[in-house]
Every structure is written in structure tokens, then in C-alpha cells.
Amino acid sequence: MSKLLDINDLKVYFNTEEGVVKALAGVNFKIDKGSFHGLIGETGCGKSVTGLSILKLLDNNALIEGGKIIYKDENLLDKTEKQMQRDFRGNEIAMIFQDPGSSLNPVFTIQDQIQESVKMYKKASKQEYRNIVIEELKKVKLPDVEGLLDKYPHQLSGGMKQRVMIAMMLACNPNLLIADEPTTALDVSIQAQFLQVLKNLKEKFDMTVLYITHDLAVVSEICDYVSVMYAGRIVENVPVRELFKNPIHPYSYKLVHSVLGVKTLLENLEEIPGSVPRLIDPPSGCRFHPRCEEATDICKTKVPQLKKIGKNHYVACHRR
Amino acid sequence: MVNTIIETKDLKKYFNTLKGPCKAVNKVNLKIKEGETFGLVGESGCGKSTLVRTILKLIEPTSGQIFLDGVDITDYKKKQLMALRKKMSLVFQDPHSSLNPRMTVFDTLSRPLKIHNLTKNNQETMIEITKLLKLMGMQPEHMIRFPHELSGGQKQRIGIARALAVKPELIFLDEPTSALDVSVQTKILKLLNKTKKIRDLTYFYISHDINLIRVVSDRIGVMYLGQIVEIGKVDLIYNNPIHPYTKGLFASVPEPDPDKKIKGEPLSGEVPSPVNPPMGCSFAPRCPFVGPKCREEKPQLKLLSDGRRVACHKDNLK
Amino acid sequence: MSEVNVEEIKMELANLKNKKSSQLSLVWKRFKSNRLALLGFVFVMIIIFIAIFAPFLTPYKPYATDPSNRLMGPSRTHLLGTDSLGRDVLTRLFYGSRIALQIGVLIILFEGFIGIMMGVLSGFFGGVIDSIIMRLVDILRSFPVIILAMAIAGIMGQGIYNVVIALGIVGWTTYARMVRSKILSIKEADYIEAGYSIGESTYSIITRYIVPNAIPTAIVMISIMMPTALIASATLSFLGLGVQPPTPSWGSMVAAGRNYLLQAPWISTSAGFFIMFTVLGFNFIGDGLRDALDPTTKH
């Protein structure tokens, strides 16, 4: 498989009134074409920042300190705002967010919004546009598509809005879809429907997706490959089966064993001592060392690099 | 014989809206036994939060009755309510918004003690708060902190400590971990479990997280559109859900195992509006086994041979 | 459970408290980092300094006329010249700052007190009380502010206190509306329900939970309303309905200088400058306070 996106040692800092927040301190992972790549981590670990960096949609106080984001042989970090807007956002890389309600424009109908995306790459007559929009909405398995066209976002439920968002993104034919916690605000039954839509897109249209989430169960459901993130760094890049059968990094291990499954018992659940570090003054060396039971002196001083330990399996830990 | 601590009889709570009454809680009959952990599971908008707040008398029921330790508390007012607040308390979902941002931890925890005259002076208050903090695995130094100086997990511990301060018999836990990260969730759940044993408590969990409800509860209820559709021992229902909604709901939950995938779309369609719920069984429009009777008549909870109750018209319930 | 040593804990907490920076110092730190706010603070400090030490800053008296020196241009003896009665303009401006600040503060106190109270009542209790108060607000606000104030001032006559009442009768409505909406959002917060769930009384809910959380909004509002009050009182004086001459008020000085705008432009312009300087100062402070007290409003 060829790789579509290669993030290399990405560093992003934020200037805040309390000081510099080192949100990303060396993020490394590659996304293969056609794969569902999960990016998993807890609140504040930098997973959303990673997603936004790819599209260069970071706030003004963000500084890209170093690294490369290679998308199809081109480094996105070298692109100007104009080039990003014209050549990449939407038509190459699209993004959907947690709250679908705030990403849709409340004063336009569903048809208008999706049509807007279609217009970016195609000129057509009114009727043709209408047909294309209907096609797009059918791709995400929305019921009663015709009736939906003239509705406004507030008339739809959360799950439907999220599907409209996807349809809108797909309408520009992107090669990479970044989904940032798209189901967090949805109920399980609606989430199941939504995941079904994604699976379907994967089979039929060979979509490449970067799926950002904190929910390991969802990752196991739809992802092929997973990057585990902790406090601004990737600690493990691993095929999804390996992650659940044989998590190597101590953090991944704890994470996998703190998820509730259908048979888990409360007593068997792992807990991680301490709490997530503040990224204003992160721990030295391996950022997980203060919470790690196996930490030794080298963990406190030296930053562990990702090293290969199996087929497509990379871990950043001194103890492995 | 174990005592019933809470009982509701045909409890209803309707909210007035412009489009008509919103039937948030629609005839709920429930018994909670002393010392058990009851888990109420349902998706957002099913009325579980409203049910709990109605039982707690934070909102007035529209009709029906609520009994606490066998005493009818439905019409309790001011003074009587104060006594009630000492017996039942509530832990909130979002620790970030459930603590008063202008109160220190000491202020927050001293309020219930002062309101109910549980401590006579500052000295005693301080001792009691220190004990509460220790029980929650926190230090006395946290007393002078404001909520924004605490982590999410710590805030939730304070929320739990506040609920424990009055030494209640029954604690309602409204999604106590859904705003927290998984690693913190485990800690809080274990802490709650430990506290239950130490303080001899009865727990009433509500959550949309089906696996969470399973690991913590002895008995569970499944709620859909203001009604309880299935209720019984946790193992029974998990191993063999009977109501079509329960079945679909459980099948929708992704399992943290890449080799077990959700099959298709376990529940199609969406929850109807509680303002205009379906005539008969509220699940009928989404039910794969729907019959003509389902659309006309509301099914009542029926006792099955294994001890659970299910509200469904299907005859061969197993 | 082991015995708790209260004295030890108290000591420990006292130690910690000393080390901890208070919330107030945090607000001040944020405020300081905002250059415009700091500039505004300096402006206002200068005006306050002038108001307090006016007699020491100038050798003249504000009412001392000198017919032989009418409408003199700026010179070394009269830095900003003299007016039509030969009074030193700078001296009158200095004394005018006393009047301006006095009126401003009185208006703010008067309308702020009424407005915040009405806002709390309206927001917290809702229903009929809310409807009555809000309709009253609507009625008062349907008049052009300055015309209504003119009418009231016209009926009650001139004088500082009448200006305060005239402007306050309309001014409180802004506070009431803002406070009401703040209270409505606070009322929805979980910690209010949490308060009820542990048995707090309505009185406690208002005083311990709602009001403390609404205070930052009130402070910001007061600092934002200050310039409005200053301009409104200057306008009334300009129209001859405010402070009575010969009392030196900036508004009436602009008006008086208007007749000599071509011969002696310094009278109106310097008075106008003082108004602008003060209003700008309070505006900057207001914006700075808003950002410092409620950092979430920033991006």
C-alpha cells in the first residue's frame, strides 16, 4: 500500500498567558491510502491539534516549531494560506468535527450547503446539481433524501446532521477525511448507524480516514491501524489487532485494560496512577514516566524514540 | 426480607411546551431495595435524568406517588424536604459545572454540614471535611482550592464528597464518569464501590453507557421514551435481553475487540419526540417484530418466570 | 479512621494560603498585560489626581473673573487662555473634573444599584415579576434617552442631583437587562441544582451561588457604563439642563465656548478634549476588565 500522509516529528507550541504550552512534541505516523487510521488519546493529549495542524487550521497563538507533514510528496507546512485554501482544504483533505450543529450554516438549506461543495469542482445546471446532491446524501444512507433537501439544519437530529456533514465533505471528493470525535455527541444506537455508514464508505469508495477519538471500542470497531498518543507524543503505532491483543507500551497497556467491554469486571480494570501532566512544564524524558510503574533513570532523562518491534508495529519506550 | 427504600407508583412528569405536554416520565413503577445498586440505562432524552430529579423532589411530579422507606413523600414541602435532603443525595454528570466556581472546596463541603446542623463549630466542620477528603483519596490542603484549580477527577471526587457529607442512605449518580477520561473513570468507579461498602449505601446509577451500568449494578432497568421497558437482575438481562429495544441497544455497543464487530444497524430510525409519543408501544415505529396490537395498546410490565419484568406484547417472551 | 489534628491542618492551610496567589492578583496580572487597559488606567488616574489636587495645581480660582483679560489666547500665564469672563480655562477644566467624576460616580451608584437589583429579581424569579420589570424597561427604553432625561431635568430643575436622577431613571434599564440575562444563564448551571439538592434555601441560593457569580459581570458593566454616564451628563450640561453656571462643568464649557469658536477656539476644544480623554480612559479600563475577569470571552 502506498502512503498518503506522513507526519514527521511534528512540533506545535501554543503561546498562552501562563507560558508556552508544548502541545505536540514530536508526532510521527504515516497513513496508508485506503486505511482507517485511529488516533487515540485522552483529553488534552494533542490529538485534535494534530488533526487541525494537517489542515493548518490552528489558532493564531500556535507556533509550528518543526517537523514535516508530507501529503502526497508535498510538505503542507511549506504551503501558504492561499495554497492551502485553494489546493488542499476540502478537495484534498476534509474534516468533520464533534459538534455537527456548529459546522453547518443555520440559514442555508441542506441542498444549498452540499451544492456549495459541489460547485467547487463542477459546473452544472440546477437540475444536475440537485441530482448530485441526492446522490451524495444517498451515499451516507440518509432516509427520505428528497424531503431532506429543503430542510434547515435545526430541523435535523444530531445523527442526521453528522451524516449531512459527511455528505458535504464527500461532495468535494477528498482523498483524506479527518474525523475529530464525530460520534462523541451521539447516542449508541445512532453511533452504530453512523459507524455503519463509514464502514460502507470504506468498502465502496476506498476512503482514507484519520479517526480521532478517545473511545477505544469505536477504534476497534472501524480502524485498521492505530496511533496511541500521550501528552503530545505518539507512544505506539500499531495495527488494531495487535493493540488489543498485545499492547506493548505501558500506557497503551493500561488504556486497553481500562476499557469496559461486555465481559469485563470492575476489579480487573486497570487504573493509571496520577493524572495527565500539564503541558506547560511537561515531565522530562519520557512524558509518561511519572505515572509508569516500570520507569527507570533513563526514562527520566532521555526521550524514547519510536522503534520497530514487529510488522508495522512501533513503540517509544526504553523498557521494551 | 430486604426493605424497599424507594418506590414509585405510576409516576409521571410532563413538561409544558408550545407544542403540547412533553411526556418526559410516563408512568414509571420502580422499587429500589436497601443496599443494592440499581442501574438505569437509556439514551439521551429517554427521561432518566428527569425521573431521578422527580424522585429527589427537585422537580414536582405531575402525578403518581413516591415513597421513601414506605412513607409517601409526593407532597412534601419545605421543612419536610429538608429531612429528605439528608436521606438522598445526587452526584452530577459534569464535575466542571456542578461545583460553584466562587466557592472553595471547604465552602462547598461545609454547606451541607451547616445546613443540616451536622457540625457544631468550625473545628468539627474541619474534622468532618478532612475525613471526607481522605475517604476520597484527597488531602486537607485541597480545602482552600477553587474548582478551576482541580483536575476533572478531583472535581468529581469533591462532587461525591458533597453528596456523602449529609450521610445519606441513597445516592443517585447521574452519569458520574461520562465527562472523565477512561483512566480516571476506573478510579472513580472503584472509589464509589469502596465507599458504598464503608458507608453502607444504596446506589442508583443512571447512564447511557451500557457496559458501565453492567459492571456496577446488581439490578438494571432499561428506559425508553419515558417508560421502563425491561427491568431485572443484571446478568439475566445482559445474557439474554428480551425486549426488542434492549436487544438493539445492547447490540449497538461497540466491543473493544477488533474481531467482534457490530452487525449491520441494530436499531434503525431515531427516537420519536416525547411531545407526541406513539399511540401504543412507544418502540413500535422502530420495532422489527411490530404487530397490530403494538400500535394501539401500551404494553404494561409483565413478570416473567425468571423474575424480570418486560413491557412487550410479544407472547413467547423468553 | 485516624484522629484528625485540626491545629496542624489549620497551620498547613495558612501556609499554603500565603503562598497561593489570590484570584484578585491573577485578575490584576491579566489586566496589566493588556496595554490599552493599562493606558486607560493611567488616564483615569491622571483625572482623579487632577480632581483631588486641583487647588494646588493652579494659582487661579475657578470663579475669579478678570474682565481685562477676556478671551486671551494660550500664553505662559494662562496655559489654555481665558474665557469670555476672563476666567482661566485650565483652572476651570481642572475643577470641572471634580464635577464630572462626582456625577459619574453618583449616576453609576444610583442606576447600578437599582438595575442590578431589578435584574436579579427579574432573572431569578421570572414569571409575573419578570414580565412587569421587563415591560417597564421596554417602556423606558422606547424613549430617546437624552430627550427623556431632558424632560425630567426640565421638570425637576437644574443641579447635580437632578442630573443624576434624570439619567439614572433611564440608565438602570441597561443593567437590569444585562444582569437578568447573566442570572438566567447562571440559573441553568448544575451547581444551582446541586445547591438545592443539598437543601439550600432560596435566599442562600441567591446570595451564595448566584450573586457571587454575577459580580464580575456587574463590575465590567459598571466600568463600561461610566463613559456613557459621563457623556450623558456632559450633554445635559451642554444643553443647559445640567449643572448650573458658573459651576465649572465640561459640558457647559463646550457650550459657552461655542459662541466664540472662531475667536477663542481653545475653550470648546480643550473642554472637549478633557471629556474625550476621560471617556477613553474608562472605555479602555472597561474592555480590559472584561477580558481580565472573564478570560473565556477571549478566543
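We just call them A, B and C in the order they show up, numbering each chain from 1.
We adopt the following convention: contacts are C-beta pairs under 8 Å (C-beta built on N, C-alpha and C of every residue); 3 or more make two chains touch, one makes a residue touch a chain.
Keep in mind that what you see is a predicted model, and the values were worked out from it rather than measured.
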item: Mutual neighbours - chains that touch chain A and chain C alike; value: B
item: Which of B-C and A-B has more C-beta pairs touching across its chains; value: A-B
item: Geometric centre distance via CA averages, chain C-chain B, whole Å; value: 49
item: Centre-to-centre distance between chain B and chain A (centres being mean Cα positions), rounded to whole Å; value: 32
item: Residues on chain B engaged by chain A in the complex (per definition of touch); value: 43-44, 151-153, 181-187, 189-190, 193, 208-212, 214-216, 238, 248-249, 251-259, 261-262, 264-271
item: List of chain A residues in touch with chain B within their complex; value: 42-43, 143, 157, 159-160, 187-193, 195-196, 214-218, 220-221, 240-241, 244, 254-256, 258-262, 264-266, 269-272, 275-276
item: Chain C-touching residues of chain B, taken from the complex the two chains share; value: 53, 56, 58, 81-82, 85-86, 89-90, 92-94, 97-103, 111-112, 115-116, 123, 126-127, 130-131, 134, 140-141, 143-144, 146, 159, 162, 165-166
item: Residues on chain C engaged by chain B in the complex (per definition of touch); value: 1, 4, 6, 9-10, 12-13, 16-17, 20, 23, 189-191, 193-200, 204, 208-209, 212-213
